[in-house]
Each structure stands twice: as structure tokens, then as C-alpha cells.
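The two complexes that follow have subunit A in common; it is paired with subunit B in the first and with subunit C in the second.
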Partner chain A sequence: MIEEVVRTGLARYEYRHFIIFGAVSQFAAMATECAGDQGAWWEFHDAYLLDAQARSFTRAGAIELARDEGLDLARFTQCIDDEEHRERLLQMQIQARADGVSGTPTFRINGAPAARSLSGIIDQVQAAAEAAETAENSEGG
Partner chain B sequence: MMLKLGLIVAAAGLLLAACSSGGDDPQPAPEAATSSAQSDAQEEQAATSYRAGQSESTAGTETERENEEAAQPSAAPADRGSEDTEQSAEQSAQPSSEQATAQSEAEPAADAEPEQQAMVGQIIETGHRAGLFANRNSVGDPDAAIVITEYSDFL
Partner chain C sequence: MRRALWPVLLIAGLGLLLSACGSGGAPDDGDDDASTGTVRSERAEREASIMQQQGQVEVSDAAEGDGVIDFGHREGLPYTRNVVGDPDAPVLIVEYSDFQ
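Our next item is the complex of A and B:
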């Protein structure tokens, strides 16, 4: 999907936390946001997605990840302990509910429900891009 | 008159001929019966030999299995505690090397999991997002008209 529609400039991809598994998920989301403060949001995102044993879902695991990524550990630890991004995560949760999200993963294209398959999403984005281009041409012509 | 006599003689001749040919007919029947009996016997023999061959092959398979079991690692000596110590020692000597090989093959497989994960991570990082503008939780052209949003949970 990234290659098909993001790299081609058709669309931007955005990940939003939607906490459904309680405190552990909440902590992982918080740690990711704290890593994002130091430019390592995607590194944490990937690490958590790939961590099948959920070893990094603990405080110690998150700090270990932060150490591996060369982050400022004092700043990172303070961020997770103080839950500095609590409000941001809460807003995401409220927005998700407002968008009708009830499970994960859920995709939206410009806020509208997306197809359930990646190929469907790609088709949907390409169709939307073509429609936008046609509209733009008709306005210009 | 002579004609009638001739006809009677001819008829008698035909009757004799018919009788003689009818007498030959039963003769082949015993031959056929014999041949069918022979063929039955041959089939039975063939069946017996087939069964014998089958049982031989089964026996051969069992022997092979026994040999294979003897060559199997660890389990064979452990399960046959009543066997001679020397024999089990010989058996266990060979399997232990195989076992060691198996373990040495298994260890990298176990270690391969994190490596594989790291590789996937690297593919994600360098293969898909390399050169793309990434800002915190979004990737791609910030001015793109279309935004794909994924709501997800890491768990």
C-alpha cells in the first residue's frame, strides 16, 4: 500500500492508536508517542508490531528499546512515567469512536470507511485520485 | 426301388456319421475341465506366491523398520533398556552425533526468529519508508489530498 499509493504521492498514511486491550496497549502507545518526541516513533511502532512475545510491552522492555534506538533515556523514562501523551491518546480514542471505529485494524480514506482488503484500499485511493484529477481538469477547462 | 434303398443307405450313413461326431464331443470336455482345474491351481499358486511375496516384503519392511529404529537417535536405546549395554552403547554413540547435528541445526533456527524479525523490521524501515517524509505517526506527502488512516492496536 505504501509503495502503491504513498510513495507515488497519491496519499498520506497515518497511524492512530485505538486502544482495545487495556493498560498494556495503552502503555505501548504511550511509549511510542514518547519515542516520537525524539524522532523514533516508527522504530517503536515497528518494534511493537513485530514483538510477538510482547517482551517490549513492559516498562523495562520499552526502556531497552529506547536504549537500542539511542534515545535520551532520562527524557524517555520521564515521558512514560508522567504519561505526557495521555491527552493525545485520549483525543485519538475519542476521534476513533466518532469515526465509528469499533475494532482493529480499521482503515479510513479521508474519513470514509475503506475497503477491507489492501488491494481494495489501493483501488479505492486510485479511484479517488482519478476522480479528484478529473474534477480539477473540468474546473480548469 | 433302387432309389429308395440308396436314400436309406445315405440316411444310415449320416446317422453313423452323426453318432461318431457326437462321441468325440465329450472327449474335449474333460480336457477343458482339466485345463480349468490347472488354471485354478495356477491362480491359487500365483496367489499363494503373491501372498508369500507380500509377507516377505512385509517381513522385509519390518526388518528395515527395525534397522531404521536401531539407527534412530536417542529413543531406541532409551526404550530398550533390556538390551545389551554394549549394543545400546553402540546405538547411542551413533545417534548422539546425529542428535548433536540436529541440535546444532535447531539452535540457529531458534536464533533465526529474532534475526528474521529484525530483517522484517529493516524491510519495513528501509524498503517501504525509505525516502518518504515521516512525521511522527504519518508517512508520505503532508500535502496529499488523500489520507489513509489506520486505527490499530499493537497487541
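Our next item is the complex of A and C:
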């Protein structure tokens, strides 16, 4: 999907946390947001997705990950301990509800429910891009 | 008049005291305390519900840590925190997900 619609400039992709597995998930989301403060959001995102043994889902594991990424550990630790992004995570949860999300993963394309298959999503993105272009042209005269 | 205000002030004071007890406490050590997580989760649910009722539904895009991704299958793509791709792209794909 990244290759077909993001790299081609048709779409941008946004990941939002939708926490359904409780405290451990919430902690991982918080750690990712804290890493994002230091420019390592995607590094943490990928590390968590690939962490089959869930070693980084603990405080110690997240700090180790932060060390591996060369982050400022004092700043990172304070961020996770103080739950500095609690409000941001809450807003994502609220927006998910507003979007009718009940499970994961759930995709939305310009706010509309996405097709189930990759080819369907690509078609949908192309159609949405064409619609946006048409609307822009008609607005321009 | 001043006497009439006493019950109001007393109730307000008790409310503040209860609120402080409910939201205070030492920071969690983050080591996967499931029971604490449940309490937090329930509190977050209540707050989400209240905010939703108040129409405060909005996700802000923090513009921290933007640049170009230099690893993996997104290499070379611009990003702003949790958003990747051309910021002027006409279509927005949102994925709601959980790491577990």
C-alpha cells in the first residue's frame, strides 16, 4: 500500500493507536509517542510490531529500545513515567469511536470505511484522488 | 448572604478533596500492572465518554520529529510524527491499530 498510493503521492498514511488490549498496549502506545518527541516514532512503531516476544512492552524494554535508538533517556523516561501523551492517546480513542471503529486493524480513507483488499483500497484511493482533483478544478473555475 | 454561601463552599471543597484523592498518587513504574491499567482504562473511557458528549472530538497532529524516514520500506518518505507521505496528498488513509 505504501508503494502504490503513498510513494506515488496519492495519499498520506496516518497510524492512530486504538487500544484494545489494556495496560500493556497503552504503555507501548505511550512509549511510541514519547519516542516521537525525539523523532523516533516510526522506529518504535516498527519495533513494537516486530516484537513477537513483547520484550519492549515493559518499561525496562522500552528504555532499552530508546537506548538502542540513541534517544535522550532522561527525557524519554520522564515522558513515559509522567504519561505526557495521555491526552493525545485519549483523543485518538475518541476519534476512533467517532469513526465507528470497534476492532483492529481498521482503515479509513478520507473518513470512509476502506475496502477489505489491497486492490480494493488502491482503487478507492485512486477514486478519492480523482474526486479531489475534480472538486479542486471545479472550484478553480 | 454570606451564611448562605457556606454550604456551597463546603460542598465545593469536599469535591476538590475527592478529586485530588482520585487523580493523585505516585507515578506508576510502568511494569505492566494489569489492575492499574484496568482502572486507568476505565477512567479514560469515562473521560472519553464525557468529552464525546461535549463534542470535543478532535485529533491534533503534533508536528514534532518530522523529516525523512531513512530505514525500512518507508525509506525516503517524508513524515511528521505518526503520518507518512506527502503532506499535500489529496487522500488520507488512517489505520487504527494496536501493537499487540
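As a convention for this text, the second predicted complex is superposed on the first by the 133 of 141 C-alpha atoms of A that agree within 3 Å, B and C clash if a C-alpha of one lies under 4 Å from a C-alpha of the other, contacts with A are read in each partner's own complex, and residues count from 1 in each chain.
In this text, a contact is a pair of C-beta atoms (placed from the backbone, for glycine too) under 8 Å apart; a residue touches a chain by one contact, two chains touch by 3 or more.
Keep in mind that what you see is a predicted model, and the values were worked out from it rather than measured.
Of the two partner chains, subunit C is the only one that A:A60 touches; subunit B does not reach it. In the superposition on chain A, A:I19 makes contact with both subunit B and subunit C.
By the touch criterion stated above, A:W42 is placed in contact with subunit B and with subunit C alike. With both complexes placed on chain A, subunit A has more residues touched by C than by the other of subunit B and subunit C. Legend: residue contacts after superposition of the two complexes on their common chain; A:A129 is shown touching both subunit B and subunit C. Judged by the document's definition of touching, subunit A residues 1-3, 5-7, 9-21, 24-25, 28-29, 32, 36, 41-43, 45-46, 48-49, 51, 54, 57, 96, 99, 101, 104-111, 114, 121, 125, 128-129, 132 lie at the interface with subunit B and also at the interface with subunit C. Against subunit B, the residues of subunit A that register as touching in their complex are 1-3, 5-7, 9-21, 24-25, 28-29, 32, 36, 41-43, 45-52, 54, 57, 96, 99, 101, 104-111, 114, 121, 125, 128-129, 132.
Of all the residues in subunit B, the ones that touch subunit A in their complex are 117, 120-121, 124-125, 128-129, 131-132, 134, 136-142, 144-155.
Across the complex, subunit C is touched by residues 1-3, 5-7, 9-29, 32, 36-43, 45-46, 48-49, 51, 54, 57-60, 62, 80-83, 86, 88-99, 101, 104-111, 114, 121, 125, 128-129, 132-133, 136 of subunit A. On subunit C, the positions that touch subunit A within their shared complex are 27-34, 36-38, 40-41, 44, 47-48, 51-52, 56-62, 64-67, 69, 71-74, 76-77, 79, 81-87, 89-100.
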